[in-house]
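These are the structures in question, set out in turn.
Same chain, two partners: subunit A is paired with subunit B first, then with subunit C.
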Partner chain A sequence: MRAGPSQDDVRRNNLGGLLRYVHVNGATTRAELTTRLGLNRSTIGALTADLIGAGLVSEAAPRSAGRAGRPSLVVRPESGRVYAYALSIEVDRLRAARIGLGGRVLEQYEAERPPGMTADEAIQPLARFVATMRTGVPDGARCVGSGVAVAGMVRQSDGMVRLAPTIGWVDEPIGEALRSELGGYGRISVGNHADVCALAEHARGAAAGSDHVVYLYGDVGIGAGIIAGGRRVTGHGGYGGEVGHMVVNPYGRPCSCGSRGCWETEIGEHALLRLAGRADRTGRDEVLAVVDAAMRGDSQAQHALRQVGDWIGFGVGNLVNIFNPEVVIFGGTLRDVYLGAAAQIRSRLNAIGLPACREHVRLRTPELGTDAALIGAAELAFDHLLEDPLVS
Partner chain B sequence: MAATPLLELRGIGKSFGPVQVLRDVGLSVWPGEVTALVGDNGAGKSTLVKCISGIHTPDAGTVLFDGREVSIGSPRDAAGLGIEVLYQDLALCDNLDIVQNMFLGREIRWGGVLDEATMEEMAGETLRNLSIRTVASLRQPVSRLSGGQRQTVAIAKAVLWKSRVVILDEPTAALGVAQTAQVLEVVRRLADSGLGVVLISHNMNDVFAVSDRIAALYLGRTAAQVKVTDVSHAQVVELITSGTSGRSGAPS
Partner chain C sequence: MRAGPSQDDVRRNNLGGLLRYVHVNGATTRAELTTRLGLNRSTIGALTADLIGAGLVSEAAPRSAGRAGRPSLVVRPESGRVYAYALSIEVDRLRAARIGLGGRVLEQYEAERPPGMTADEAIQPLARFVATMRTGVPDGARCVGSGVAVAGMVRQSDGMVRLAPTIGWVDEPIGEALRSELGGYGRISVGNHADVCALAEHARGAAAGSDHVVYLYGDVGIGAGIIAGGRRVTGHGGYGGEVGHMVVNPYGRPCSCGSRGCWETEIGEHALLRLAGRADRTGRDEVLAVVDAAMRGDSQAQHALRQVGDWIGFGVGNLVNIFNPEVVIFGGTLRDVYLGAAAQIRSRLNAIGLPACREHVRLRTPELGTDAALIGAAELAFDHLLEDPLVS
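Right after this comes the complex of A and B.
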């Protein structure tokens, strides 16, 4: 029989809880921490002292006392001193950032990723960005590790990119390559782009406070980051959430994955541009141009947007029936398509979503914009720290 | 969700001489929600808003705010309750900067002089809380802002002054696609931060993109007030054009 949690377990758990609270919510008074975490005042005092000792938080008197009585001290994360490196490998660009505890983007770099760029070629600029950032890190600052977001299917155990059709990679050991390139600076965790965007929006964006979230990311392909009961749903190997390959139309078009009628063949960038009579073009700006043309009354663009909106509604309706989320977030170019085709999306969702599953679902656009991937990648690195703040 | 609407209108009637513009109109505005007010030209949307904002006094009906019956006899009464109406032409002063506009008539003084630093900080924080990141400097005159940015400044002003109900009259009319998206997101965040929002719009996409409820007026009557999770685009269009919808049942 397993014994109950030891005193050390309880303390580690409480330290993690407190640190996570200020990491997510920012500067918080001790009084509020006492209420929010359900611990007594002296415990909060002792935990805070431990975290200050470890250089993870700082404490100061509030600027102005709003009420009578001794003002409660404000605990804030040491965003400037504790940080993670965040890297993002996307279809058309590579990005790197240094992100402070509390989710603050301290500095950020970006390079184009020309089509056909191999994994080896992509590692180099990312390593250079990290090297540049390292030179500017203030003395005494502490790196907790690195997180990487890749627009593809990532093996959770070692960060192997199994398949990234939109980038054109198969079985690329990105985690391994970065580990040897960046070595010595803590753990490197690799995650799927939509998954980490979901993490970021859940921690500090449009899904803050919601524990059942479907984050849809769209460009050429469609992926989802799913959070259920406050936890990421990654599946056995880390490959879950490939909603772009739900088959919605068995008689539809062939998909890049080899199947036919996948969701992304009906709602991805190529589908919208093809329906709008612009099959020769690609990219975010071209998607925006279709939405813009539809707003100005171009009937072919309107037709394209409505048809894609209807198909989006089909898929979202299915996801809502399966996961019963509180929030569905439309990221990437799906944000613009959602705002331009919300009437069709909502109508179809209402038609096929079961009333009990859909009645409280909120449809939202992201709040963190393009920073979400970097902030979310950093969350992967911070997660290790938050689980056990004083070790690691 | 709150148990009572923030603002509730019951049986509102309004005539101008022999012309009865509103008959027995009801409308509920809940905190944390966007309620879209839709209807054809001449359905009575503007008159209804003027009754809420104190420009017109209704001939019949009751207005409840926070569950208490109130009488709104003037725009000052409406402002006192925390009801703010943002019209298409946005009452912003072109020659003043963003901070000056947001504090116009309610400047913070420290001793005899204006406390510019505090005002700038408060204005910046309000914009940040609405995730408005597109404004480069708080000290640029609003004449230099785009239509969408002006709209977001006007919305932020309402937030800064602790408005509880914000009514937006066609906020995306005449805006381009990028700015429309930006304004819609701010409208949504306004409600997500706990305010009651009324969105008047002719654009069904805008309505479906951000609303929680849709109130349709038809020839001066309330055709229906429905939840956005229960209707289709076609049903709303039917409510607007014929006052009833076969599939969504009887008027509520």
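Right after this comes the complex of A and C.
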């Protein structure tokens, strides 16, 4: 069989596979690459040479050769020379970073996002961050594009933010605005905050090595990033994962979405603080204060945590029956609530989750902290490079 | 770059792509294949020649050449010569078929499955069906394996049926039993009933061309087959899609799973018949009778349909927020209930589904009828062939 154009496909596929491996796992010997990628030594050598030629990896003898014989060369991602810009628009923060191949945060900026800040107003400081970072980029370094995380529902095709209730935005063309503001910095991909956090934890955090993952992010609202079979579940338009609007209590309180008894009305910050008798307060510090008070024996705080923990386990049980995941990760303030109510959550999950669906599920807190959104946003940009390393 | 072993990958990939195209779409001209697969004419010619050589497709001049010039040859799957055995174990039926490449049902058998029939007892008639079909297979025809659909939770790795409440089985090694009974008929893959129905409707039914699909199947229980980004969402062990045990009503009735207010306690056959004042009855005919009675103006039947329709819309709204699908399909007796309560279902779905998540969703009934499980089970077997057409 003659397959003229197809040899390119193989090459692209193999180059992407090798580059992804070192991007996710860091410095790797040629010997290990041979084993992990199932390719022979000469192919690994040729692929590595191509990637070195493109400035994407470097190769060197290992620092100490543990065995006799010629040591296997170590292949490293060129983290200092190949990078993406990562931006994150959060409820109370704007963040930006320059992130090297391999997920290394090279530099990072952030500013408060005052309540009521419009989309137009938010674009300016983000563009300034990028302009500032650009001045520090070493000669010859290469930008592969930008990724943006937004705490809202994002249309996958063009990065339109359809609805971001906690930020207060409706139909804001963030993708387009950033493309015109940052023109010349490569492709810009916009994704939902929880989705990109899931990507980050999957690539190099609490879900590394797991292909079936539910990442929950909570503050006032609740969202999920879902990975099934190693791939993001984004839905037709990009709006999947809105687990905060799974109705769990048909007789519950009204939700801002117009429905009633949504999961986020039962487990979001407002619910916890109301139950703890602190309905006038808001924010992460207040959530931590409730968890602390419960630890110190405050009975109203304990009651609030038990109640919210019960509803968390309830919804997680539903998601476990639907997705049969290996890992559920609790991010945002859900992390703190999880740590304060783990027994309650597990108990309700066990009551609702079918044994086969829950038998292997691990409940975890994130490993990447507040950097997850930036690292995940960069993954959106790196994804294009990894699909076709020599062209992008 | 030298890529010794990799040309095989390209070839396998292209052969699989071409064969999958004619398997799903039926007879296709070489010209269309060239366009659809993005390969050049000589590659399509070479791939077709390889597949003809393997007996997987045939090629002929089109019946009528509509235009002047040399007509493009038509490539067809060898439906009569390449086949899979498909088995389906349902609540009240055992089915078996021999299904040709391209999804053509070549022959089909079925028998009642009396209540209480054990797994051992069910294997025997299925094996007899296969033995009978085998006697009619033309010389030179080729079996590519077998697929089995079971109305229960199936461990993906070995086809162990972990729990099939409506059939009454727990931990039955159906995969292993069939492998020993049908040895020599190729690989045997076992899948969940709703999962394989989703595969069938996705390949050649109501969800053809849609990559984000929720297929619901209902009788006494409720299950889902979910397709996200064109791929099945099966979960870590294969147990995903248990949407019948998503709790929608925390104050609802006890469920057989030990929980309370599961979706299937609100929308399953028992709920409809109880609400219609027919709690002593069961089965599809009785569900149809309720829908008919409602159409004729029976107010208790109308009330029952409205009530159940409301809960159906409720759960579908949750799933739409989670998956942002293009299509939701109502199979089993949910088909009839959907047809009788479509307005109620849509109304509640609109109240619970977020606008962005539901704006493009279509609600549909299945197109493949009771054959869906067999056609989908065959897809499990064909999948192996399509991944590597010349080796399997």
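We take it that the second predicted complex is superposed on the first by the 387 of 392 C-alpha atoms of A that agree within 3 Å, B and C clash if a C-alpha of one lies under 4 Å from a C-alpha of the other, contacts with A are read in each partner's own complex, and residues count from 1 in each chain.
Here, a residue touches a chain if its C-beta (ideal position, glycine included) is under 8 Å from a C-beta of that chain, and two chains touch if they have at least 3 such contacts.
From a predicted model like this one, the values you see are computed outputs, not experimental measurements.
Is the number of subunit A residues in contact higher for subunit B or for subunit C?
Partner with more touched residues of subunit A: C.
Touching A:91 in the superposition: subunit B (first), subunit C (second), both, neither?
A:91 contacts neither subunit B nor subunit C.
Output check: A:314 vs subunit B and subunit C. Expected answer is one of first, second, both, neither. What do you get?
Second partner only, subunit C.
Per the contact definition in the header, classify A:143: touching subunit B only (first), subunit C only (second), both, or neither.
A:143: touches no partner chain.
For A:351 in the superposed arrangement: first (subunit B), second (subunit C), both or neither?
The answer is both, since A:351 touches subunit B and subunit C.
Kindly classify A:287 by the partners it touches after superposition: subunit B alone (first), subunit C alone (second), both, or neither?
neither
Touch check for A:24: first (subunit B), second (subunit C), both, or neither?
neither
Name the contact category of A:178: first (subunit B only), second (subunit C only), both, or neither.
A:178 contacts neither subunit B nor subunit C.
Now for A:40: first (subunit B), second (subunit C), both, or neither, which partner does it touch?
second
Hey, what residues of subunit A end up touching subunit B and subunit C alike?
The answer is residues 351, 359-361 of subunit A.
Would you mind writing out the residues of subunit A in touch with subunit B in their complex?
So the residues of subunit A in touch with subunit B come to 288, 291-292, 295, 335-336, 338-347, 350-351, 358-361, 363-365, 367, 369.
Which residues of subunit C touch subunit A in their complex?
That would be residues 1-7, 9-11, 13-14, 39-40, 42-43, 46-47, 49-50, 153, 155, 162-163, 211-212, 224, 226, 228-229, 231-243, 245-251, 257-259, 314, 317-319, 321-326, 351-352, 354-357, 359-361 of subunit C.
Under the stated contact criterion, what part of subunit B meets subunit A in this complex?
Touch list, subunit B to subunit A: 131, 133, 176-178, 180-181, 184-185, 188-189, 204-210, 227-234.
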